[in-house]
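Here's the structure, in structure tokens; my notes come after.
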């Protein structure tokens, strides 16, 4: 009679148990979908797996009649491009401003409250302003991501920089380091792995902003497609797109984790949270 | 005797209303190994910070070579803390090379080519001195506590500091390793002719290592306002004469140190 | 008491529903037929139709085109019981700095894709002998089309009121085409599920009765009429003057007779065939649709398309009752 | 010549420096607004301070003729109600599922992968699905918040529970604690302050989801109002609403921080990150 | 002599291919104070975990009262670790009360009213015994390291464990405080007639405190596969006879312990 907290399933049963909820979900979907389709064969809400498969085939492997593109790949490419630009710019801003804020009190004093305020503004509320300032092209979408994500990264990098042990900075000074050298050789390398971690944490928001922006004004993209086909309730397209986006999000997270482990072997051991 | 390298003149240090150090008047001469003991929270680290330049005196002055001390850490004063003294993102070799790299490359703080080879040579030699030749490319987290402190010392010595400050450098180490470290630091003190200022909690360590031992303690007490008066140097023993120390005095010192530990309240 | 949920969204021609609810007219008629009607405002027009299609509402306001492409294409048999108005300039194409529709060639056009806006654009291009291939469509949410028009890189937009009025008033903006030029093609309807209507004809009666009473109030220039229109204006987020201007480009059928005339005319069938073809060409009838006439559309003048698969009906029964005062 | 990193402004100059960027922003706004209004006095894009003041007065202190409500307060109340419900439910789910996942391997095996997958789905993408499943009432809005926030909280609570030192659990067992008692007396109280912290971090997303949901289906609420007047580009209303939302977000964050410091005095000292 | 409380019979412990402990055969009798020394990583903590029940033997058996030991921590075996032994979210008093509260209230794990008063009384007495009467309502983070370990001991003793396991309990403490703790644990051992099993790095501590000292070490070495053979008990000294220990033996033990420390490699 071991305690519940001490009973540990072995590898195989863990795998099985892990698959279980997904199998249940799929089964539930199949049952409700079939019962709905039995009543109304035109029902689009919970399409059968055949129609979903057909839709995927159409989107991924048949060029669109209107544009000649393979829609799924085209949408993915265009979304990923914007996402990478937005997240890349945010990371750069977060890194530079965050380190400067953390390192130099004279910069921190004016910039820290500003970015704190920025990080509290819900970006969706200022969408109209964004469109007016940045137009309707890709720039506005990238900027929405940047405005939504960069202030968070700035704050995180600033905190991380500030949390470096004071002892290290003193030590560096006794070794003759200038402010610039301390930033470059002590702060920057120690803050980089945390940047990757922070980017991983904000990737969800970045996707969110991208989809929201694409829903509002776009000519392609994963979010665009979902909100476009919403006009005729085409769940056979929406569902695989959602799964696809989820998979992409998972993949990116995984790749970033790998990179961090590879590039900063000393980090994982310092900080248990890196395997979040 | 030579000129004092450090001298405190009527030195006070307050934090707000709390007086931590009170009217210190003392000289430190080149080549001395001063060990400092005292109750927890009595201001030992504070005095060390004053020397280091990260804190400033409230009244009075602290002189280095008879000049007001620079209010910022610099290369003349090396430091080893109990923890966090080495850079976790650099290998042992990089940690030790850092000092030279910084002075040779003001812009990047990183050297390449021939320069790098020279620095690498010097750093390896220094690491050999502290017995870390076999761990050149390990990261600090791959080193034991004792090895990390050796590394920190090697790193600090690369700059040939005029004063080496140690704040409980062996406090976190196991007794066996501690004994090794004592041997090492004593050797380095002789070889490199350092001036060392070391804070410790272990009075035996203080007696064993130092050429001079200070005890920090409050002389005056105000029961209503314990923060009113600061600590002073109540004993200043030259350890060559320590044999003349009376047994009763030793007991007093021992007691002084432990009165700060709350478990004995 | 049987309870029915009806959805509506903000649009000049549908604001009377809000007033009918506010003023108690709707409740009066519901009580008369001993039913309960919950009117729900949905901020996002498309969402209201989706909800109707998914089964959350018994009835919903929508245009003739959306009624065909969303509920009917999803196999929900729907009946339009009230033809409230047609857009008579309420939808328009606006160019920045250009005065002729021809100039639209090669531009990026901002509009709500697959909506009546795109239909309007397609019709306009037809007039010019152009096709949709001559422009690039940028799907733009209706609520953001105004702010996006402020940015210099947006030069063409298709939208409806109230956004159209705001955009038109921008310096340098010219309306080059409007629904005024295709009268009667964009109809605003009250659509109810056919099976519910069969079971509960009193729902149709109550809705129709309330609608035409509201029409009467709103149409007059009496104090009460102005008060009613002011309330509608406020509810849509604007003032009376602006709302009256929107009404000018909305051809309201203030009486049941007017509405009937439009509904029973053979033109309706033609219009619907145009719309069905447009929808088919744009894949709005679903991947499975073999032809434009795949979904049957019943109008008083006859059925367009497959008679065996009628999913969208123009049902003049209740307007008839209203016209003859039998409600 | 002290190093830049050692030069610290005193309290007063820190305050002044902190205000500086905000003053600059206001000044910039005033200048561009005036120059635009000089060209077109009807310009709605950057309204003058008088029109903004007038709009605020209308929204906050004059009862709406239509409904007799003070719109601003009414909107605030209705938004806050939904926000609190959404965040409250998420916190509860996060706490319960998170602790159970963290404590009991047999539950963790099936639930952990499920919630990880959930946390990767961008909620905006399934917005259409949500409305269809949960209708257009308050439920859908609350659910959007829950679906967006709860999986993150579950994962965070699970990690926190797992990161409790193994020694503590062993110690509790040697004191005779059952699994249930360990959950109740060892895990729960130690995880609670982290819950507050996690809620603070996800509050931004919660606002985002609320505003997005209100934009699609609502009859009152801060997001609703912004989307309603967006059609007329009524910046005189949008701008104060954005500032107001930002202020509310700040206030909530501040209150949660206070609560945590008060209720869990032992936590701040354990964990430097609590003063984030 | 009485029945052994713990006995290992041909006990092996492997982690995968690594053999940590090899063929242990040993008895522990009630009232013994066993101190265990050995090189770092030689399996001292592992043996302690076997007694505790958090690890299971790979081969052979570990008996408690001649019964196979329960494979889960329970109230018979108290434990004090080097760190994390007290609950940071409970005050000192609550930490000590916890054990009784858990057994009196199976559902809530919390007592109220009269029950609570009784438990409170017992807990205060226990805290007085370890010298923490003045810190009843402080949280662990407000206590010094030494006080935290006192608290952990008090907490463990509330259950009257048959065996008290200590894994380097004083490893993180300063020398002065360490001496106080030695006194305390020795007193408690006598007063409460405990059976104590204590792992330590400090050989002096081992000799000073224990009634029996074990040295863990590998007897066999395979240079190609160092993980092939596990550690055994190479010395098992009854410390009443320790005076007869030869000086050379002591030196061997000392060396054994230090060979695990990487800085001496």
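First chain written, first letter: the chains are A, B, C, D and E, and each begins at residue 1.
Just so we're on the same page, a residue touches a chain if its C-beta (ideal position, glycine included) is under 8 Å from a C-beta of that chain, and two chains touch if they have at least 3 such contacts.
The model shown is predicted, which means the values in this text are computed figures rather than measured ones.
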Starting at chain B, figure out the least number of steps needed to reach chain C through touching chains.
2
Starting from the defined contact criterion, work out which chains touch chain C and chain E both, please.
A, D
Leading chain pair when contacts are tallied as C-beta pairs
A-D
Counting only Cα atoms for the centres, state how far chain B is from chain E in Å.
35
Using CA atom averages as chain centres, what separation in Å is found between chain A and chain E?
48
Can you give the whole-Å distance between the Cα centres of chain A and chain C?
38
Where chain D touches two or more other chains at once, the residues are 3, 45, 128, 132, 173, 178, 215, 230, 233
What residues in chain C touch two or more of the other chains?
50, 54, 144, 146-147, 150
For chain E, give me the residues that contact two or more of the other chains.
72
Pairs of chains satisfying the touch condition:
A-B, A-C, A-D, A-E, B-D, B-E, C-D, D-E
Chain B - residues contacting chain D, complex:
71-72
Which residues of chain A touch chain D in their complex?
3-5, 7-9, 13-14, 17-18, 20-22, 45, 103-106, 109-114, 117, 119-126, 128-129, 132, 152, 159, 163, 169, 173, 178-179, 182-183, 204-205, 207-208, 211-212, 215, 222-223, 226-227, 230, 233, 235, 238, 241-242, 245-246, 249-250, 253, 272-273, 276
Can you tell me which positions in chain A touch chain E when the two form their complex?
2-3, 6
Touch list for chain B against partner chain E, complex
40, 131, 134-135, 143-144, 146-147, 150, 171-172, 174-177, 180, 201-204, 254, 257-258, 261-265
Show me the residue ranges of chain A that touch chain B in the complex, using the header's touch definition.
165, 167-168, 170-178, 180-181, 184-186, 189-190, 264-267, 269-270
